[in-house]
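Next, two complexes with chain A in common: one pairs it with chain B, the other with chain C.
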Partner chain A sequence: MKAIITGIKATMGIYESNEDQVYGLLAEFPDPGALVNAARATRDTGYRHFDTHSPFPVHGMDGAMGLGNSKVGFACLGGGLTGLAVGILLQWWTGAIDYPLNISGKPFFAYEPSIPVIFELTILFSALGAVAGMFALNGLPRPYNPLFYSERFSRVTDDAFFLHIAASDKLFDLEKTGQFLRDIGALYVEPIEDRGDAEE
Partner chain B sequence: MSEESNIASDQILPGHSGDGFVDEPPLVAGNLSFHDVTEMVSLHTEKKTPTAWLGAFALANVGLLLLGVMVAYLFWNGTGVWGLNNPVGWGYAIVNFVFWVGIGHAGTLISAILYLFRQQWRTAINRSAEAMTIFAVICALLFPGIHVGRVWVAYWMLPIPNQMEMWPQFKSPLLWDVFAVSVYFTVSLIFWYVGLVPDLATLRDRAKSGIRRRILGFLSMGWSGANRHWRNYEKAYLLLAALATPLVLSVHSVVSFDFAVSVIPGWHTTIFPPYFVAGAIFSGFAMVVTLLVVARKVYSLQNIITINHLEKMNIIILLTGTMVGFAYITEFFIAWYSGVEYEQYAFLNRATGPYAWAYWTMMTCNLVFPQFFWNKKLRRNIPFMFGLSIIVNIGMWFERFVITVTSLHRDYLPSSWDYYTPTWVDVLTLVGSFGLFFTLFLLFLRFAPMVAMAEVKLVMPESDPHYYDRAHAEPKSH
Partner chain C sequence: MSNSVKTNSLSLWILDPLRPTAQYAREAFRPDGKVMAWFIPAGIGVALLVVSGVGWATNAKQFYFSYLVGWAFCLSLALGSLFFVLIHHLTKAKWSIVVRRIPEALIWSFPLLAILTIPILFGMHDLFHWTHHEIYDPASPQYDPILAGKQGYLNTTFFIIRLVVYFTAWTFIAHRLYTVSLRQDVDDDVSAGARMRKVSAVGLVLTAVTTAFASYDILMSLDPHWFSTIFGVYFFAASFLTAHALIALIVITIQRNRGLRGVITKEHFHDLGKMMFGFTVFWAYIAFSQYMLIWYGNLPEETLWYRHRLEHGWEYHSAALLVAHFIIPFWVLLPRAAKRSIPVMSFMAVWFLIMNWFDFHWIAMPVLHGDHAGFHWLDFTCWLGLFGVFLAFVMYRLGRHSLVPQNDPHLGKSLNFTNI
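Coming up: the complex of A and B.
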């Protein structure tokens, strides 16, 4: 059970630190091209618990990291079907069952005049489903992330490109992984400590 | 303009790159790096509040206050303070509602439809256009809320269980409208927020003070730019765009049903939904041009929101303006062709009756003026486009006035005909709604990143991993 939860969290980029409180190794790369190559090399070497961090989505990175298609679509579909059902049931139940009102002899419930509201509710629930699904699959909101301890990492939302290999990976070894990252062209490698204390 | 950089290299034919594709001018001008983009956009939320902003904000607040006073006066006295009379039961409130909803459409068009069509130039303007959408829809939602007369029962519009065991009447287009506009508002808001998350994280990482970092940290949800996150994020963004596209087309269609489903001559036509949607996009783009021409100058964003962006918007104004003008003429044709004398009279009365001044104002502003944009020089002339965008919005306001008032003031029975004149409360409420809009928009400019930084970076050639394969061989001068 615990392994399943750890596995799910790993897909969200949430990893567990090892017994020395090491969360992982953070390596900086000069540009998106180098980052894609580094991610491919990391994947090919056998690492699985790793992620790249960039100011914008880097195209081709999903393939380089060996990630499949995103599952957000299912959440969106689920939301849409819910909205469809809500739209039909709401108008049918209120108009034909709970409060039937004769308007110029029109049927209490018919599909034709119900389409606009069904449509709007389908869209609403699909959109909410897509967004909620996206945040859930990403494990967001995530108030605490050991990567934020790194001073350098604050440039990830500006113009810096990082690769992070988590300590929870089977192949992780502080020395060897650090050397590996330098070998594939990292400008800078930094161990990330999971101190557990929030800054400020 | 000096702000564009020339990218044609000397060996290759001008306008072409070596690989046979026509080179577009770069979307971001002036050789900016990723950091420059961050700096240019973030700076405005971080520096000390400029005096000019405070002045503009004070002015907008006067408008907002005016709106508050007018609404309070209305609540106290009832809708009798408006100029409504017996045949004209829908006056300024509906006109303003349709006007503001229409303004909103450009934001969604830019953020959703242009995204699906891979129009990358949208990235420079989508954030501010989406903000404009949300604020315009807030202004729009105000009017049906206050024009119900008994505002304390406005909640009857929503299906809320109550002690009377009553439910809203779902066969009414007015109720469809409640759903359409409130869903539109909600979806626009979450779309905008999802787009904001990476940029709020940028501001968070730059924040100097602890409290600022905490607020932005809360709003950005711990975004770390992880690729595992971007993957789901981009998918969700694509889905939202795909959902917002039919939504935006449906909203103004449903708004037009408020008119088209009735049996009033001049309203009861099938052309209304497409014609309303085209008009909405037309007026919305005009408003985006009005706002951005000023904002890019004041905030020195000419390299991100380039003259090419403005020109593209002007082309859309030309296109949709001509579509709207075509619809005006089609309405006349159909009125004649239908053989229905009431319909024919309604249109003849529009063009030659007591409201002919409003009709010809509309025709001139919406059909004639945009034709100037056939001229490339005028399309790229900033003062000209600013003036024209305001003319377009005046024209579009008059369009709604013409549709609402001229159709109602003379219907089937001549004994019930009357002339509608707005009161000072009507006029000042409209003025005040601009105060609300500009108050919100100025707050947005001050506190939120007004350009989608992550998206602008993504359309720069340096964001492409393959750019670096080439760059090692022969550095390209971007």
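Coming up: the complex of A and C.
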């Protein structure tokens, strides 16, 4: 059970640090192209617990990281179907059960005038489902991330491109993985420790 | 160089206003020039129209209604394509440049469609109840005070004047867009984009207004008591949807014959699929908006139109329209994989073309057969005959020029387009 939860959290980019409190290795790359190539090399070597960080969306990164198609659509569909059901229930229950009101001889419940309400609720719930699904799949909100211990990492919102391989990966080895990152063109490789003293 | 593309002789002008430019096309964009591409639809189309002529001799009224539905179907394809070209110029759309030549070939159908109006003009007395003189005569037992009040708009002279205005406007806009784009293939004129945008700005307004009124005249006035201001939007939604279906289908046909492979990719089909999905929803939205307001308003002169379509078997047509024009396509085209699958896209393209005809049949035929729903064999021969001839002209034009606007400055972006 714990393994399953760890696995799910890893898909969201939330990784466990190992027994030495090593969270992983952070490598900086000079430009988006190098980052895409590095991500592809990392994936091809067999690493699975890794993530990339850049100031803006990088075209082709999903493919390079082997992420596949986004699953937000299913969350959106689920939200939409929920909204549809809620809409029908609301219109039927308020109109025909709880407070039947005769308006110019129209039926208490009919699909014709109810569809706008059902439609709007479907759209509302789809949108909420999409946003909630996006947050969940990204593991957001995430106020604490061990990567924030790195001084250099603060530049990720400005002009720096990072690749992070987590210590929880099966292939992770502090020496070998560090050498691997330098081999694929990292400017700088830094081990990240999950010290747990972020409040300082 | 700019004068190297000569205008065609006047007799061939309705086929194509320009002489062939295919010899200037780059290897990858060159049409294969096979005669069969237009010969087969032309042969089938003419044969079916000859068969329909026999139907005209035996049952003229049925022929006129079937012909009108088939003709409106072809018109909706040309108008939908015109909207496609106009909107994509105005929004400076880049993804669609590689497919733009196909709607450009489609919009030069207006001269042909104008000629094909002639049988409708002969059948006006059978088609349009408002052409009958006795309904305007107060002494006559058929006197109809409501239609008498509409006589200022619904009369034969003004109807023909309006048709002439519509076709002149459409032909003019189409001529500008078609010739400027094709000349750019040869003379590499960088100002072509700006000129086509200018035409589109005026053209979109003009096309929107004329399309709405054309739909009132051609389809809505079949039941002259009825009126719906949203009907023009309904016609637009059907046209725009079906134009995307036909564009996708023509691209698939060309690719099956080894043309444009690697030029138009799954990414472009994905976008065409998104537009088809979006506009089947839009069509349903508009169709429902029309129905709901009439249901809620409950005014006798408006509800009668739906009443005719909800009895004597037409209720099955109405239900089929809801299920097959909206619910089924919605679920089929919803997944990303479906829009990127050529077999699914070609199936849905044919599906939408059939549904568009079914939709117009549903609008027009209860006027003729209010007491029993169904199809007459002339419905099929007229529709497919006209569509065959229409398609033959389009395929003939496509075979004469580069299949892609090869000198568009943004062509590279369109070739390398990917969906995120």
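Heads up, the rule we're going with is that the second predicted complex is superposed on the first by the 198 of 200 C-alpha atoms of A that agree within 3 Å, B and C clash if a C-alpha of one lies under 4 Å from a C-alpha of the other, contacts with A are read in each partner's own complex, and residues count from 1 in each chain.
To be clear about the criterion, a contact is a pair of C-beta atoms (placed from the backbone, for glycine too) under 8 Å apart; a residue touches a chain by one contact, two chains touch by 3 or more.
The model shown is predicted, which means the values in this text are computed figures rather than measured ones.
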Once the shared chain is lined up, is A:P116 touching chain B (first), chain C (second), both, or neither of them?
both
Once the two complexes are aligned on chain A, which partner has more residues of chain A within touching range, chain B or chain C?
B
Please indicate which partner A:G7 is in contact with in the superposed arrangement: first for chain B, second for chain C, both, or neither.
neither
First (chain B), second (chain C), both or neither: which does A:S126 touch?
first
Name the contact category of A:Y99: first (chain B only), second (chain C only), both, or neither.
first
Kindly classify A:F135 by the partners it touches after superposition: chain B alone (first), chain C alone (second), both, or neither?
first
Quick check on the superposed pair: does A:G66 touch chain B, chain C, both, or neither? Answer first, second, both or neither.
neither
For chain A, what residues appear in both contact lists, the one with chain B and the one with chain C?
57, 59, 69, 73, 106, 113, 116
Per the touch rule, the chain A residues reaching chain B in their complex are 11-13, 31-36, 39, 51-62, 65, 67, 69-73, 76, 90-91, 94-95, 98-99, 101, 103, 106, 113-114, 116-117, 119-121, 123-124, 126-128, 130-131, 133-135, 137-138, 140-145, 147-148, 153-159, 200
Contact set on chain A toward chain C in their complex:
57, 59, 69, 73, 77, 104, 106, 112-113, 115-116
For chain B, which residues are in contact with chain A within the complex?
33-35, 38, 159, 165-171, 173, 175-176, 179-180, 183, 186-187, 190-191, 194, 198, 201-202, 204-206, 210, 213-214, 217, 221-236, 239-240, 243-244, 246-247, 250, 254, 257, 453-455, 457-458, 462-469, 471
Flag every residue of chain C that touches chain A in the complex, lowest number first.
288, 291-292, 295-296, 298, 334, 336, 418, 420
